[in-house]
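There are structures below to look over.
Presented sequentially are two complexes of chain A, the first with chain B as partner and the second with chain C.
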Partner chain A sequence: MRAYLIKRLFFGVLTLLVTSFLIFLLLRVIPGGPVDSLIEEEWDDPVLREQLRHELGLDLPLHLQYARWLGKVLRGDLGVSLVLYQGEPVGRIILARFGVTAQLALLALSIALAVAFPAGIVSALWRDRLPDHLFRLLALGGISTPNFFLGIALIVAFGVGLGRSWGVGGYVPFGEDPWGWLLHLLLPAVVLGTDHAATISRMLRASMLEAAGREFVLTARAMGVPRGEIVVRDVLRTAMIPVVTVIGNSAGALLDGAVITEVLFRLPGLGSLLVQGVYARDLPLVQAVVVIAVGIRIVVNLIVDLTYGFLDPRIRYGGER
Partner chain B sequence: MAREIQSGEYELGAHRTLLQEFWRNFRRNKLSLIGGIIVLFYAVLAVLAPLIAPYDPIKQFDAPRGMRNPMPPLSHDVDGHLFLLGTDKFGRDILSRAIYGTRTLLQVAVGSISIAMLIGVAMGALAGYKAGTWVDELLMRAVDIMLSFPSLVLAIALVGAFGIGKIRIGPFTVSNIVKIMLVIAITYSPRFARVTRAVVLQEMAKDYVAAARITGASGARILLAEILPNTIPPIIVQASLMMATTILTTSSLSFLGLGLQPPRPSLGLMLNEARDYLFWGAWWYAVVPGGLITLAILGFNLLGDGLRDALDPRQARRRR
Partner chain C sequence: MRFGICAILVFGLATCVAAGELRVGITGEPWNLDPALYTDISSAWVIQNIYDPLVELSVTGEPLPEYSLCEAWEFNPDATAITLHLRRGVKFHDGTELTATDVVYNFEWILDPDNASPVRKALGPVERVEALDPYTVKVSFSYPFPEALQYWSRALIGIVPAGSRSGDGSPLARKPIGTGPYRFVEWKEGSHIVLEPFADYWLEGIPPRDVSRVKFVFFSDEATKVAALLAGAVHLVDWVSPRDYVALQGAPGIEVARIPGIMHQYMALNLASHPFGITRDEVGNERAIQRALAARKFMMYAIDREEIRDEVFYGLATIMYGPWYPDSEWFSPKLRGRVLHDPERAREYLERYYALGGERPLRFRIIATNTGWFVDIATLIQAQLKEYGVEAEVIPLEKRTLFATLKTTDWEAAVEDFAHGIPAVLRWLYFGYYKVPNHNHWYHETPDLPPQYFPTHPGHGEFCRLWDEAAAEPDPQKRKELVWKMEEMLVENVIRIDLMMVDSLLAWRKEVRFAAGAVPLLGTLHLKAVIGFGEG
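So, the complex of A and B:
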């Protein structure tokens, strides 16, 4: 177990290193780069350009530039925002915005799970009957409707239709006003959680049905174990492993949806920061946000893999006996 | 089958071509038929856009006295032009823009899926054929790394690197639309690589490959002429499902203002513009492009599921 954990952590760090280098390379091979985004047309002159390049360290060879960046990152310095928040350390900007994205993502995932579990279980128990067909249609709609369209539809329904301040956008810290916090975060979280709720409930249904066909369920039924107990103890537990994989995929993909949701509802999170950074061509900022996004995903994947062990004690890591 | 043997028509039944077999399986599922019809509808819309669209998608019309753009469905402009689905904020016909926007969306989706397929299948086939060697290891680690990016974040980062709009590399200019195709192709090619590698591995273990090897066929011949044709069905399924994903990603990029640029008609961009008019009650501005995107994704999802069930009955039974 420990050997497995060390191996996974090692590969995680390696992936992060390679991806950060790729991002670094990508954002620099394009002609112009940071200098272009800093210089206004009328002030453009070669001497100023050279001086700026030198100050930003862009005249060094690429591998040295990367080594310098990496060295700073290891000391907790993610660089300085060049355009969007001129001179502000990127680390501080990201820290301020990380919380919003994390709250949004957790709320969305909770909503998704709270909907997916009852829906999936009901669909499996009433297979091919009315509830199952109903949830199948809902799930199809949930998977097919893009985040941004669902968001707009909800804004029209709640904000315009009911005349409420739901979904007007912006963010209120929980500590300041818990009710306002929920009001501002609920619609975005529903939007972000919907397609995950659909995917998770379908997977739960499918894997419950598969588990229900196994011999031990038949045995339990033959022994006269009550139906509710079979569903909870045998079927649901066995069905959990593929479901956890899907939940993990969802958690890893939440950041993708968060980009759209944050922009649509004007939430000050990492996703909207990324888009603003790309607009402004603020390379150090974009680079840091992308590397952090990859890091989050690696950690989520690791947590998912470790969860398998708790669900099914037969799964051993790294070939241990 | 049993009935056919009894009636003495076993021979006839056994000689159904693969295509007939496929069609029999496919049409059994009503939902996938609906998906096929939706996809067909979009194909017709995209190909015949110039014939169907009532107006030029970038022509601006003036609202009559007492009205302002965006105008609701069924309004007329000063010269009596009818706008079935209303106008946008610049007085352009929403119906025409939606039709042309669909055309662009499908262009980008088909283009990027083709490129992604080309890159991904080549990578996957090579990795599968050289399974266990350093080539395989290298390619698959590259795939792992690309898949460790959240896909929309990767696409946004790529747009960030190339810049918004067209790009110039030395003497070459890459138009914005081709750039977006490339960005999305890079993002999704690893998924094709994974699928292809898995199928190639499966096929390699089969007898016909061993037979080809014994007859002295070269490695390239075995891979290209013997194995690759057998990888086509799962790749088609993957492509259809990926069409849905690509349509979502393309319109997401456009919605964020990082994809297609105005004045080119784009459904995602229309939704982005519509945001500012929601509280004015201009629902048609958002519902038309949003509905078109949703229906397209639905169609390709249904079609993809149906294709998977029809082409791979074993997996389908497990999924039910």
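So, the complex of A and C:
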């Protein structure tokens, strides 16, 4: 187990390094840069342009720029924002925004699970009957509806139609107003959680049906074990392994979805920060947000893999016997 | 009973005098609140309420001393110096009084190359700035500079206290101190900025007592911004698109206004590549030059601007007959009202293009910014050209990518716009056509022409000579005539296709009351013009 963990961590760090280099290159290949944001096109001045490039270290060769960035990161310094929050440490900005995205992701995942589990179980237990058809239809709708459409529809319904100020987005810290916090996060969490709820419920249904046909379940039924007990102890537990993978993927994908949802609902999280950073060509900021997002994915995947062992004791890591 | 009446009276009184939070929805989050360092439009929205400009301009470019820190000014006869008379009794938010020393400091700080101010060039040919007394400043120029006030409306949009910028980076970027009607309170990153009324503001009745604080709320999505206005979550917004304007007309509780705009829509044509220009090998080749000109003239007459105005802008735009505002006295009378859409002449020029060896069918790419209405304009032009058998491919690009592409010669036509922040025609003629690189790649052979560019369509040298002459001409009538000549030259050679000026479309909730006539005068929903707020 320990060897497996060390190996995974090693490859995780390697993945992070390679990704950070690729992101670094990509950010420098796209047209326009921070200097274009710091000068006005109308008053463009080649001397000022060069002066800014030098001050920001953008006139150095690429490998030196990367080495300088990496050296700082290893010392815990993610650099400073060049355009959006000029001169402010990137680490501080990200820390301030991370909380909002984490709250949104957790609430969205909670909503997704709260909807997916009953829907998945009911669909499996009443296979090809009315509840199953109904949930299949809802799941299809959930998967097919793009976030931006659902988001705008909810804004029109709750914000414009019902005139609720929380219906048009914004963020209220929990400490200031817990009820306001929940109301402001509810719609974006519903938007973010909808397609994940649909995916998880369909996967749970399929896994449960597969598990229900296994020999040990048939044996338990033949032995007269109550249906509820079979469902909870045998079928659901066995069905959880693929479901956990999907939940893990969903948890990682929530950050991707947060980009659109946070922009639409005016949430000051990492997703909206990333969009702002890309438009402004704030290279250190974008670089740090993407690397952190990749890091989160790596950690979530590791946690998912480790969870398998708890769900199925037969699974052993790294050739353990 | 008496208690009840008292309670009603007290409650009523409280309702009448209760000050409220005025919420302003703006697109995007400001980057920098230092008036000499910001480069984005969102910052400008907040800055104009924290600071006062040296000289405020009306939407048509006329100085408005009643809204300015300068209450009077005079140029010397040859416009090589200007004397500025400052308003007395103006206080900064830190309690100190504004004097000539502060104004001199603002000039000198921007002019210092070490400070890398993006608006250094917008100060113009300033040679010397001196305080003649605590309320008088004299600015001398190295050559006549009659458009100084127009230029300074951008460079000196806010005057800051002397010595307030020090150390590494400007502290004003995050904690601004100005003389404006509202003072800075807090900035919640990604969410909002809060200002509060400045009690010692010099303008009578501003800020109104009904406003207890102002919250600038950041939006990244236009639909959410309009929804917030309709829901009452914000009371006014920075601007609305033509489509939203039409939807907001008649909406309960909403006021709208349409005033002449500054957003100049155009189609740039690349004079340094086929089919609208020549290649490096063809420099001086008269046949190639005429072929490219025929292709450009075809475009000039084939594009139906009225259809674009009505379909894309819902009729909320003013068609342009050349490179400047059609109603301006600085626009050539010869060009005003000329025929713009003429299918017969378009066909003649297309045939001429083919006769001179142009590729058949005429085929090219139109690059357009992928936000806003640019792709809509491009696809409508694409459809209009199809009737002539011309094949245009529309390529949407992210804004910065588009601007980077324009600096190369790997494009043929581009749909873009330009906001005339400074309503000065010579400035636009310089930026749009004189400067290298300009969006058309119209150049002549000069010692400082960068090697990646080359002389394209003839006449650029003459255009630059006319511009130099106009810029140094103190007599307004003579300057105007030189400007007209340049405009006629641009149209005759179809250096660019000017389409229209989109109207400035404004929307706010009825609770916000502006001073009579102030909105059309200033051209924006400036908080300096808000005289009341609330149901009263």
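Methods note: the second predicted complex is superposed on the first by the 306 of 321 C-alpha atoms of A that agree within 3 Å, B and C clash if a C-alpha of one lies under 4 Å from a C-alpha of the other, contacts with A are read in each partner's own complex, and residues count from 1 in each chain.
Please note the rule applied: contacts are C-beta pairs under 8 Å (C-beta built on N, C-alpha and C of every residue); 3 or more make two chains touch, one makes a residue touch a chain.
What you see is a predicted model; the values in this text were computed from it and never measured.
Trainee: Do chain B and chain C fit side by side on chain A after the overlay, or clash?
Mentor: Pair status: clash.
Trainee: A:G170 contacts which: chain B (first), chain C (second), both, neither?
Mentor: Second partner only.
Trainee: Counting only touches as set out at the top, which of chain B and chain C does A:R281 meet: first, second, both, neither?
Mentor: A:R281 sits against chain B and chain C alike.
Trainee: Where does A:A293 make contact in the superposed view: on chain B (first), on chain C (second), on both, or on neither?
Mentor: first
Trainee: Using the touch definition from the top, say if A:G159 reaches chain B (first), chain C (second), both or neither.
Mentor: both
Trainee: Considering only touches as defined above, state whether A:E55 meets chain B (first), chain C (second), both or neither.
Mentor: second
Trainee: Output check: A:L26 vs chain B and chain C. Expected answer is one of first, second, both, neither. What do you get?
Mentor: First partner only.
Trainee: State whether A:G79 touches chain B only (first), chain C only (second), both chains, or neither.
Mentor: neither
Trainee: Regarding the shared-chain residue A:V47, is it in contact with chain B (first), chain C (second), both, or neither?
Mentor: Second partner only.
Trainee: Just checking: does A:A206 make contact with chain B only, chain C only, both, or neither of them? Give me first, second, both or neither.
Mentor: first
Trainee: Mind checking 61-69, 187-195, 367-375 or 439-447? I need the stretch of chain C that runs into chain B in the superposition.
Mentor: With chain A aligned, chain C clashes with chain B through residues 367-375.
Trainee: Which residues form the common part of the chain A surface touched by chain B and by chain C?
Mentor: In the superposed arrangement, which is not itself an observed complex, chain A uses residues 30-31, 152, 155-156, 159-160, 263-264, 275, 279, 281 for both chain B and chain C.
Trainee: Please output the residues of chain C touching chain A within their complex, sorted ascending.
Mentor: Listed in rising order, the residues are 28-29, 31-32, 37, 39-40, 113, 116, 118-122, 168-169, 173-174, 188-191, 217-221, 223-224, 227-228, 230-233, 400-401, 403-405, 421, 427, 431, 435.
Trainee: Given the complex with chain B, which residues does chain A contribute to the contact?
Mentor: 15, 18-19, 22-23, 26-27, 29-31, 140-141, 143-149, 152-153, 155-156, 159-160, 206, 209-210, 252-253, 255-257, 259-260, 263-264, 274-275, 277-279, 281, 283, 286, 290, 293-294, 297-298
Trainee: In their shared complex, at which residues does chain A touch chain C?
Mentor: Residues of chain A touching chain C: 30-32, 36-45, 47-48, 51-52, 55, 83-88, 93, 96-97, 100, 152, 155-156, 159-160, 163-165, 167-171, 263-269, 272-273, 275-276, 279-281.
Trainee: Residues of chain B touching chain A in their complex?
Mentor: 144-145, 148-154, 156-164, 167-169, 244, 248, 251-252, 255-258, 268, 271, 274-275, 278-279, 281, 283, 286, 290-291, 293-295, 297-298, 301-302, 318-320
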